[in-house]
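Labels run A, B, C and D following the written order; every chain starts at residue 1.
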Amino acid sequence: MRYPLAVSQSGRLVVSCPDRPGIVAAVSDFLFRQGANIVHSDQHSTHDAPEQFFMRVEFQGPSADSLVEPFRELANRFEMQARFVPSDRHKRLAVFVSKEDHCLQELLWQVRSGDLQAEISMVVGNHRDLELSATAFGVPFFHVPVTPDTKADAEARHLELVANQVDVIVLARYMQILSPSFLAIWGGKVINIHHSFLPAFAGARPYHQAYDRGVKIIGATAHYVTAELDAGPIIEQDVHRVDHGSDPSDLRRIGRQTERAVLARAVRWHVEDRVLIRGNRTVVFD
Amino acid sequence: MRYPLAVSQSGRLVVSCPDRPGIVAAVSDFLFRQGANIVHSDQHSTHDAPEQFFMRVEFQGPSADSLVEPFRELANRFEMQARFVPSDRHKRLAVFVSKEDHCLQELLWQVRSGDLQAEISMVVGNHRDLELSATAFGVPFFHVPVTPDTKADAEARHLELVANQVDVIVLARYMQILSPSFLAIWGGKVINIHHSFLPAFAGARPYHQAYDRGVKIIGATAHYVTAELDAGPIIEQDVHRVDHGSDPSDLRRIGRQTERAVLARAVRWHVEDRVLIRGNRTVVFD
Amino acid sequence: MRYPLAVSQSGRLVVSCPDRPGIVAAVSDFLFRQGANIVHSDQHSTHDAPEQFFMRVEFQGPSADSLVEPFRELANRFEMQARFVPSDRHKRLAVFVSKEDHCLQELLWQVRSGDLQAEISMVVGNHRDLELSATAFGVPFFHVPVTPDTKADAEARHLELVANQVDVIVLARYMQILSPSFLAIWGGKVINIHHSFLPAFAGARPYHQAYDRGVKIIGATAHYVTAELDAGPIIEQDVHRVDHGSDPSDLRRIGRQTERAVLARAVRWHVEDRVLIRGNRTVVFD
Amino acid sequence: MRYPLAVSQSGRLVVSCPDRPGIVAAVSDFLFRQGANIVHSDQHSTHDAPEQFFMRVEFQGPSADSLVEPFRELANRFEMQARFVPSDRHKRLAVFVSKEDHCLQELLWQVRSGDLQAEISMVVGNHRDLELSATAFGVPFFHVPVTPDTKADAEARHLELVANQVDVIVLARYMQILSPSFLAIWGGKVINIHHSFLPAFAGARPYHQAYDRGVKIIGATAHYVTAELDAGPIIEQDVHRVDHGSDPSDLRRIGRQTERAVLARAVRWHVEDRVLIRGNRTVVFD
């Protein structure tokens, strides 16, 4: 028997626009005329006003870059936000960390194994604890201490480090809050992992909060960071069962597995252009 | 805030054909020209030869029946198997049962609650045990005993009962094997629930087999019935955790919950035209 | 091969007391001397001060009632709260309902099938919608309307109905709040199902809250009712995955399956004396 | 609020013997008299003849070693197999690998993080691919090539390497079959991860088998290795949902996450003396 091979795609088109009749016909006709064969396609229409249309297409054939110009007229006609992305152009990540390594390790492994098709360009830590974890994988590590007094300077340093160097910032158990001015620049491109099933247990020490409340399931949430703490658009969540015998240290141990799996999935979806944001919600074409 | 309403759709189009460029463009252009607005659309291309294309579209606007004739030319051009289904035409079910009631009950409830948009036209039992369960919901019950000697007569009676009366037959823990001649007529339209995680524990007494093997998870599988026992295309599966303290009667109790949930999901997907068969595999647009 | 039979037990002993050395030895020695064979045993010590010990034993041999008096000295010595329960004495339930039937149906069906070893003594509704659901199973239905003006009278009627008639009250999507005075009498014996993954989305319309927040997983929580709304000790929780395509009506449909499964498990554990309360947490020997 | 601390335990007692009245009383009385405080206790009686009793106790107080001699009389009286294990004596692991690193990585990381309380004494590979993975964590790597011609020599080398050096052998995607003579020595102490939900898809290329069968859920199974391939006592299993779009390479990627989680849990339970074998089944006190 012949098994299907992983399908080569030359590029992706990601579209969002006000919903109205004829979009799919127009886009698929455009791709057909350009010699682009649709390998996979997802679409979603929101049904609460104002109705919005989202579409993600993987295609073979012409290069993604070559389609940008020809597509312009159609994009204007439908008031589209549209991106063509070459499939072989990997997104560049900055991973921000503090002292806990499990989320960073997971990302490093998944990049090395090829499960996560991205490049980790740098690891930035407010402590030096994870420097070796980064450099062991050949990834530069930058130590940017953060104290209440130096917070503004630290952020200036962050902005300098990531500018033009990375496409997305991943907070991998980075225990610092980003300022509104930082997010004004990087909004929609910063992914955080929160170690609870949001909106339950937002804020500090969620495993202790979970223990106090006596929940039977704990979770983790990957979300885009917004100015309001732990309230940004959710990309992915998952949970794990616990019981009366689980004390806070057990919850932390169990939770670590959920955190790294959830964060890695969210980052993978982001770098494969599968996540679209609408208000405080995400559309995920997984 | 205004919440999205359940979206009215006038019909569905379900298509399968050899994969080649231009299908999506042609279909979406056709619908656009007919004034049919695409509410939801899924597609899938298999990547093992011969490549096959599958598509399911929910649309608003013209009646499904009115599109059949105009679509014919396009269907021929792409060698399509295509069906237009009016969304308000509920499929009619015959539910075949023996003595265990949990799967039948689940289907009856879900139809009554509207979760399952179908009509249960009849319940057919080889025993009378579940007659009251059916008639309590106003569903006719037919008792067709099956013994080795009367098997052929029983099947003749079955065929007579269901002919032109139902669209799909659901074996809800019906502990009898259907003959090849029966399946020659009803193939692809008979759904069975097997109380194991197939292909593990095919055949009789799967919970006892599972206990013997000492598995830590048990499951259930809904599949289309084919001539080979428990080997037809799988529609849905789910599992439940067990442990060393679970004896066969525990497995049965736990398994009942999985069986009825899995069967109900499979039937729902089938009656909403979400399941397409290709060889021994299914495409499920859920 | 011979399979294990469901094990007959004559009774259960449920104990809680301050933790200190020698409890297990004393209890197991007592049972041994009384000719009671331990069929199953669970225990748990909390490790936050004041340390508390919990134990549940299933035994064969002497009747549960016959052990109460001989056990008294030991219970006093260890400052125990202890209960002996004959295994064949089924707890009596009152199920309070409003208009939604899925949780009531699940309980009725599980009692009839024997999965839930309890007796449903009455169904009490503030609307008449589910009267037939109850009486179809031979269970008396009492209609006790509740309006802001008649709330006190309604509760008086409730207390009258359940006094000495039932052991536990189950709120099966009963959309009314019980008064502190009611709970002063029935505290620890009223189980509610909340249709969210508490503490997320406490209060009204949790599925709409979940939709607004854009969560990727929804849940349900069974808990003992206390004076503070949706804040009592959690018995069981479970979740189900949803996605961007799920509108509030989908969440309700998906959630119903989780609600009835979670409530039924919690009630089963309660009637089998598997749940012990400590402060705002539960110990569940499942 | 004060949170419970991780509880210190000085040792564990693991017992199995023919079931009969009085065992729990005798064991708990023994521990009480020796000044050992029971921190946690689990027990299980099989209910299929011959009835067997299993017990695992964590205690504080006297050293595990000091209890061995005093316990002898009781052990003889009940025909017990009993082990006292000091909690701080970590088991030593040999991890056998071929070319795939995800399971090895998970074990190395969990040991380093302290989630897995064990010592990885050596990594043994039939290829050199994972040498750096081991040595990066300071673990010795031994390259023992295996060909059909050299298989006997390779096993002799294996036996030499592990003798007196390790307590348990973990096959972390080691794609070689161990001989009966090897298992005669190491039976019950070799844990394998099979990348399917056994007994489905035993043998080679389970993900391709799973793809062929069109299953909707894939799994992984950790089990003790016996002479019959993939048929030994199951310790742990878990699953992950897939769909019609998942080709064999997707199944492999998804499956890797399940494999390493399942294997790590099984190894953790083994090194914490939580797994007892009875025939082809395991009792797991997790």
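Assume contacts are C-beta pairs under 8 Å (C-beta built on N, C-alpha and C of every residue); 3 or more make two chains touch, one makes a residue touch a chain.
Since this is a predicted model, take the numbers as computed values, not measurements.
Trainee: According to the touch definition, list the chains common to the neighbour sets of chain A and chain B.
Mentor: C, D
Trainee: Taking contacts as defined above, which has more of them, A-D or C-D?
Mentor: C-D
Trainee: Answer with same or different: of all residue numbers used at the interface between chain B and chain C, are over half used by both copies?
Mentor: Result for this pair: same.
Trainee: Just curious, how far off is chain C from chain A if you go by their C-alpha centres, in Å?
Mentor: Using C-alpha averages as centres, the distance is 41 Å.
Trainee: Roughly how far is chain C from chain D, going centre to centre by Cα mean, in whole Å?
Mentor: Inter-chain centre distance comes to 36 Å.
Trainee: On chain C, where are the residues touching two or more other chains?
Mentor: 3-5, 40, 47, 212, 245, 247
Trainee: Touching chain B in the complex: which residues of chain D?
Mentor: 44, 47-48, 197-201, 212-217, 219, 233-239, 243-245, 247, 280-284
Trainee: Going by the contact rule set out above, which residues of chain C touch chain B in the complex?
Mentor: Touching chain B: residues 1, 3-6, 40, 101-102, 105, 109, 113, 115, 136, 208, 211-212, 245, 247-249, 253, 256-257, 261 of chain C.
Trainee: Please give the residue numbers of chain A that touch chain B in the complex, ascending.
Mentor: That would be residues 2-5, 7, 21-22, 24-25, 28-29, 31-32, 35, 37-43, 45-49 of chain A.
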